[in-house]
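What follows is a pair of complexes built around chain A, which joins chain B in one and chain C in the other.
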Partner chain A sequence: MNFSLLMILLTPFFGGLLAYAASALHKSVRNIFFLIFMLIPFVELPVYLNKTVDNFYYLTILGQNLSLGINPLSSMMLLLFTLIFFLSSIFMMFEFNDRGEEGDLAVLELSFLEGAVFGVLLARDILTFFIFFELMAVLVFFLVGKGYKEAHTAQMKYITWALIGANSMLAAIVLLLFKAGNIGYTEIAGYLSTAPTSIVLVTFILFAIGFLIEASIMPFHVWTPITYAEAPDSVSVVLASVVKKVGLYLFALFAFSLFGLNLFSKLLPQVLNNSLVMYILQWIGALTIIIGTFIAIVQEDAKKILAWSSVAQSGYILLGLSLGTPLGVAGGLLHIINHSIFKGLLFFVVGGVIYRTGTKNLPELGGLIKKMPVSFISMLLGIIAVAGIPPLNGFNSKYLIYEALIQKNEPILLTIALLGGTGSFMYVYRLIHSIFLGQLHEEHESVREVPLIMQIPMIVLALLALLFGVLPGIPMYFVSKVEAFLGLDPIKYNLTGFPEQPGLHAGNVPVISITFVAGLVVAGLLFYLLPRARKVHQLDNYYAGEVLTKDVKYNYSFGFYSFFDDIIAPFNKWSVESVYESFVGFIKTAGDYLRRVYTGNLETYVSFGVILLVIFSLIYILGGILW
Partner chain B sequence: MVKEILTLIFTPILAFFVGIFLLGFKRKMVARIHRRYGPPLHQPLLDIIKLLSKKENISHGVMFDLGPVMYVGAAILTVLFLPIPGFKQLTPFGDLIAFLYIMVIGSLGMALGAGESGNPNASIGIARALTLMLGYELPLIIAGNTLVIKYGTTDLYKFMTLQSGFHWNLFLLPLTAIAGFIATYGAMGEHPFDVVVAPQEVATGPMVEYGGKHLGLLMIGMAISTYIETGFFVILFLGGGANILTFILKQLGVIIVMTLFDTVFPRFRIENAVRYFWRWPTLIALVGLLIVYIGGK
Partner chain C sequence: MVNPGNPTLLVVLPLFFAFLSIIISPFAKKVIKFVPLVVSAINLIVIYFIGLKVTSGQIVIGGTAGLMPPYSINLAVDKFNFVIVLLVNVLGLLISFYNIFYVKEEPVDKFHILFTLLIMSASWISVTGDLFNVFVAFEVLSLSSFGLVGFMRNSDAIEAGFKYVVLGILAGSFILLGVVLVYAMTGTLNMAHIADKLQTISTLQKLIPFIFIFFGLAVEGALFPVNSWLPDAHPAAPSGVSAMLSGIVTTTAIYAIIRVIVTIFNYSAFIPYLFIIALLTLAFGEIAAFYQKDLKRMLAYSTIGQTGLFVLAFSVGTEASISASLTQMINHSVSKAIIFLTAGIMIEAAKSRNIDDLKGFGRKNILTSIVFVFAALSLIGVPPFFGFFTKFAILQSLLDFPGFLGYFAFGLVLIMAIVEGVYFYRVFRVLFAPIDKEFEKVNDWLVVAPFILVLILVLMSSKPMYVLNFTSTVANQLVQRTIYLTSVLGGMK
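And then the complex of A and B:
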């Protein structure tokens, strides 16, 4: 069966409306419609896999054709995002189960958000992409508001930044519209290849600001931690795994397909074999890694750790993409897939823990391993992936990025990237330790594993993370197609890893996994054959002669890395956030003075009017004389 | 083929006995510096046999049991990715970067196991261990980078062959080698960087709840880790070895130098240790990197 692109685009919108209408009947009817329409794109998409369709016109407006299209890059993203949306819709049904009206709206908005994301991915002209991009921002704004206590602050922060990005992109779009006279991607690419340097640079920077805000790259990351942490858990998954990736998708599409690396290297000076703008972006990526990682280490809130970690991971993606070599871009694209999987997984697990215990504050949690074993194993796989340890999927993409940095001969960037990897061990261990290890709190004695259906999202993503880790050839199949589409030589790969090729030492994850399993079997046999161990209570511990009791447990959880906090404390005053805050302070003070104009006295207002009239007339007259 | 598989099977066993020898030698040497007689050379082996044959073992849960198993399993894995003279081991399937990441699997296992015990000392120990790791990794990464730039490869076996015939990096790149040595020294947790186990503060940290067969397994893993860490340094900076005997002799040399420092130092506080690593060894490593980066290969 053949489905037109417009059908794919409209499916989620129909689904959302139907589900919302069905909520008048019963909640379960609503949920059935919701899930079915979340599944339908899986049926529609395979036809378009790795196909390139350009310029499917659907509307003519102001003499411009709005068009849709699909290419290997967007079809890869569509498939990934459909999966994430489907899984988070399962989670959402539980999360909003007893929230009545709000739940109905959330269902509607999540479906619409999927439609908006599809719109951005399928757009083949800058106007369509902009309309859907803004729709996305509005829907995220509504969805975030349904979250935790601070959600309304987060909402405002998000929309402020989204609007900054929107305005910056709008300026670029208007500029291009007037200069190129056309809005199609292909026409604009054609115009840009001969455009003057200033226009290329200005439009690229304006677009990049819009994309990088959505991708939460330093210095535009300040909205990320609070928004990710305060949004409902199912929305956090979508934010980290989809919305952020939409920004990075657009960055990749614009940088490689619309503008093109050749254009930059033709127009701009070269720095160490990179065009200047790409070199700056590499450094921004590296700084994002280090800042995201170091701040994630000292967080006390489970979702904030994940939020800062996802800031750091998008640094890796930007670093990989902006290297511009086949190896680096492959690493960046692969990390987009992998990060969506493992960060979604971790948000699901943390969401499940919150669902059962009602808190995301790490010192209030602990010892849940015996109560929630499935969640524990899922999180274990997730954190191994975040830390980039084989055989989970995070290893493959980070490996490619590191090797690309070595190939480019950039030791300082490589050092920063590797140090970020080490730092990630710290925060992921803190996360799993404070939730699942350590001592169980008394009030959590009766906590159970999350419901079976709610485990599906975690299990699916955990298995995917493992599968893509052991057999990197599966995601690489899509990535190499995308690389060919972006005009790079796809790197060589096979199902089990990467063969020896220029700049890349051979890597083979199955060999690592099998050897590890063999080692485990040897050690496990030795362990199993020796006398069995007797189980003891968690408080039956050695504590230097002191006896731990229910009241005095000394559970080590709050300020886990307080000594690390001491080390980075001197740098806190240089934070980007404080710069913005002083700017906000300035605006407030200025506004305060401006407010005094409104005295409530009619005479003042009339005299202001007269003064303004005089000033404008003077300008008009003087202008007439001078020009 | 059969010969290669046999070598792969026997290397972890060799690594274990070499590690026991190095640990035993260290204890003897420390004793002699303290003007004691010291235990016999095979004392670590006796300790392991004693621990493994304990009748009474305690456990805090499944992860607590899995921790030591994972530690030993990962140690075996890591040994197989470290080349030995004349044999590539599994290095055709993973390079320096992969090796760095494989090396932490064991520590992760142990950290998870110790975490489940619920003992605050264990948690503090691990928090310190991970922070210390962030400290010593910085100079180690820079030193590693320098070698990668110099040789244009990330293959550990090539590192070894390219240094043969006294083209040791210790002589060619002394600054990098010093930084690498300090980092390795910190990674082995010798004084003044023994904040992780710190018996007087956190009662041996991660190992506090472990006893009996669990501790026995951990000690097996530790013996193999000693082999790995000294072997890694020997491969990076001391030119590997012409045969397995010179390789072990060089490892012994590394241990002797380390023990000389180890016996005379008190202990850093953890934040000071990290600050130290990020200051002096990093600076030395950066200068070394600069020399290679500017001076060419």
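And then the complex of A and C:
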């Protein structure tokens, strides 16, 4: 029994309980405990970074061994998640500062959520991960409830989908246990390699439903926009950067480690050099990218843009992973890291803006660049990362995915991915313009930058995005270990880029970045130093004879992309959401009829009983014919 | 010297106390409140002594009138009886404690006397070894619960009580009819002796008496299609009584059905029909619960659904499935009791049974809400609570049912789990929503009983294997009915 790994799992739970108990003393004591226990996993983890440990602790339940273990994929994600949770807890302290008891509960729930996430990552059998996965769902349900006005709708949507996913996975787990007789990952993998196709397919689909719901892939994404948008801001960060990644982690682990690409190729027909199920998943990923991006473009709520953007980026990750080649999987895994960082960054910035201004509605914001410069720079770095432009980290992963698509000869998917990239630039530009550029609203005159400590999460993630962008070797170190663990040939990389290898031209990212930045610098110099450049006041404008004063809002904000909206309007009518709504309507009517069996009328009740007796008497009289 | 491990004490002592209370109630009204508590406590002591023998595999027989069975009425406690009677009295103890503070409507003393009789009759059904005893105990159970359901004497309670009376008396009459037919067939009323004699009678001949007895017990046991009184009666009763009805009375009735099917009639031919009835109960119960706006009505339908679930598990017929069913019974009784008790507290505070009126209760009364949430999560089957392991065991056993029906049941149980989850989470959401009104102050002692029960639940969740292993020995002993027969009939040889 390896106690230090067990301690990694238990630390967040202890931390949460201690912090909640400390809240009885004073808020600051609670905060101190909270932060300390969020930091402890940093100390505990590095020992395990390169190891694979199996079955280091188990409990025997229902005749099976529940075990925990660690592998390179888990440790990479553990490190990433510990960082995100820590930064998010700093933010949470401020966000829940004057919400009294709610804050205490939020602290408890966030710590337990961290513990549950760790539990899923450290699981070595299909029952353990499920137990912690369900625990995650319960905690997210309660955390989301502490958010904005529509949080209650978000809660119900989330939990309905979470329950659908959970029961789907439970079906697969019970089925596999019934057939294989054991729950451990290695034993299940062994069983699956010789199992009949129907079992493999059914269990994979059932598991995939559960994982993809959590990862907000189409068509299971409908809970994501409202949940991410209405949750408290620190929780949104955790949802987008951690909870979603847990779904993708499980998907990668199951598809490559438990089921395995060879199994799919063996049992299923091949389409264009991919097994059928992987090919379908590639298309699902591409669909998610394009639809997510397009819907993000026409949103008016800052957090909704980020939520739909998360959906789209999930599509990138799924596309990369389901390509199955070393290049594609590396791209997908790298994008997991990169997306957690830059999406977390963007949510933190937007959270800070909401903290100071009280609104997340884009038409109500504007011109905050002078008031919140640090947030502006952080967001600028964030949006460059989302768009996939060097020198930020988004470039590296997207580059790998594009190259992987080229290597696999998939022009249509490549076009969709590139379209998604361009589209993402559109919506992030909207975000930064509507919040920071343009005209400052009068009520925001007194807005200041967020408190210094609250700036730490943004700054840390922005610097990390920059670092990982310029020196991709750092995240690639982990990614290549994971690729080797998943059974693929890791792609070659070095600290500053990618050497020449099949499918990939040599790329030296710092050089590309410096060229890029140099280009910008030259453009900036030209712009400022050329004779015709002149600094003009914002209100110094021509308005066809009208007089312009400060309170007139001439800022272009509402309906920013209305022309785009008009273009895609015919397609907007097809909505996954409406399919579900009509399905729900049907179930409601059907259920309504069914429940009227209980009429409330005593005569009917007695007659039910009599009918039952009559049926059985008939059976008796007819000499047991129905036996 | 009286043997403390004599099961007859479980019946005689409570009855004695009940009659004593009736006599002294004009003089000492204040004391009557504590009678059910004392009675359950004494019962638990007796159960402890019985338990010492039962867990080592013996069957404890209690004879009466100085004669051994089958010449006298006897009580017999094997592991199954032991579990049920333990459940009855532990819940009875804690619910009585709750009732001391909860019941304020006059006449309080009569309430507690009826409650004592309820505990007594539930314990009696659980330990009896004589079929006619089952009828008598059933009648006492029905009569005491009729009074308790209608106790509040408002329009709801009277309507619910009336429906319950009609269906309950009908049920009792049919049980009597069934027992009479059995007597005519076999010439004896002793369960083991009947079982012995019925072995020579054909399946078809056994059908009519069986169906009468089954029908009667099914009314009390919340099975479709005769459970319709339940959604009216459980909400209208005071919360302590609802907890008792949902947690204990339904479980005892199902116990009786199982005893009749397995031990007395050995009726495996009926099992497929039971499967269908259980499926319908599950489906109708959960779907109806989904539409409810009244908290207690929703919980009553949930009881129906859960009963369907564990009877479904039972009707798969394998030993593993019987064990899973029994574990789920335990989980449901404890969790549902906790939920009803806390719901009672919430309804007292909000002065309304409507779910929306409870908005924000959780933010002020954290302990009560956490107790509620834990119990509800265990009921739904969310890990790491005990209910998860029982649900998992049930799902595993369902796959053993041959043919398409097994997979269909498997899928239906999972879909109903989603439905169940959604309507409970709806209540959680409302509990922790922002407050918009003031809540009344409730007696702080009320939360003690559910809290202790939740501690028991958490204890079971931390050591689920302990309970699961025990229930598989129970199932094992149940299936080997010859042990029961020879132990009881031993006197006759």
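In the analysis below, the second predicted complex is superposed on the first by the 568 of 627 C-alpha atoms of A that agree within 3 Å, B and C clash if a C-alpha of one lies under 4 Å from a C-alpha of the other, contacts with A are read in each partner's own complex, and residues count from 1 in each chain.
Keep this in mind: a residue touches a chain if its C-beta (ideal position, glycine included) is under 8 Å from a C-beta of that chain, and two chains touch if they have at least 3 such contacts.
Worth saying up front: this structure is predicted, and the values here are computed from it rather than measured.
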> Is A:Tyr542 in contact with chain B, with chain C, with both, or with neither (first, second, both, neither)?
Replying inline: first
> On chain A, which partner touches more residues: chain B or chain C?
Replying inline: B
>> Which partner chains sit in contact with A:Leu437 here, chain B, chain C, both or neither? Use first/second/both/neither.
In response: first
>> Just checking: does A:Phe558 make contact with chain B only, chain C only, both, or neither of them? Give me first, second, both or neither.
In response: neither
> Can A:Tyr477 be said to touch chain B (first), chain C (second), both, or neither?
Replying inline: neither
>> Applying the document's definition of touch, where does A:Tyr605 land relative to chain B and chain C: first, second, both, or neither?
In response: second
> Which holds for A:Asn508: it touches chain B only (first), chain C only (second), both, or neither?
Replying inline: first
>> Taking the stated contact definition, name every residue in chain A that is touched by chain B in one complex and by chain C in the other, in rising order.
In response: none
> Inside the complex, what are the residues of chain A that reach chain B?
Replying inline: 367, 369-370, 376, 380, 384, 387-390, 395, 399, 402-403, 406, 409, 411, 414-415, 418-419, 421-423, 425-426, 429-430, 432-433, 437-440, 497, 505-508, 511-512, 515-524, 526-527, 530-536, 538-544, 554-557, 560-561, 563-564, 566-567
>> List the residues on chain B that touch chain A in their complex, please.
In response: 12, 52, 54-63, 65, 68-77, 80-81, 90, 92-95, 97-98, 100-102, 104-105, 108, 111-112, 115-121, 123-124, 126-128, 130-131, 133-134, 137-138, 141-142, 145-146, 148-149, 153-155, 203, 208-209, 212-214, 216-217, 220, 269-271, 274-275, 289, 293
> Inside the complex, what are the residues of chain A that reach chain C?
Replying inline: 60-62, 101-102, 105, 127, 130-132, 134-135, 138, 141-142, 145, 152, 155-156, 159-160, 163-164, 167-168, 170-171, 174-175, 177-178, 591-592, 594-595, 597-600, 602, 604-606, 608-609, 611-613, 616-617, 619-620, 623-624, 627
>> With touch defined as at the start, can you tell me which chain C residues reach chain A in the complex?
In response: 162-163, 166-167, 170, 174, 203-204, 207-208, 211-212, 215, 219, 225-226, 228-229, 231-232, 269, 283-284, 287-288, 290-291, 363, 366, 377, 382-384, 388-389, 392-393, 395-396, 399, 410-411, 414-415, 417-418, 421-422, 425-426, 428-429, 432-433, 464-465, 468
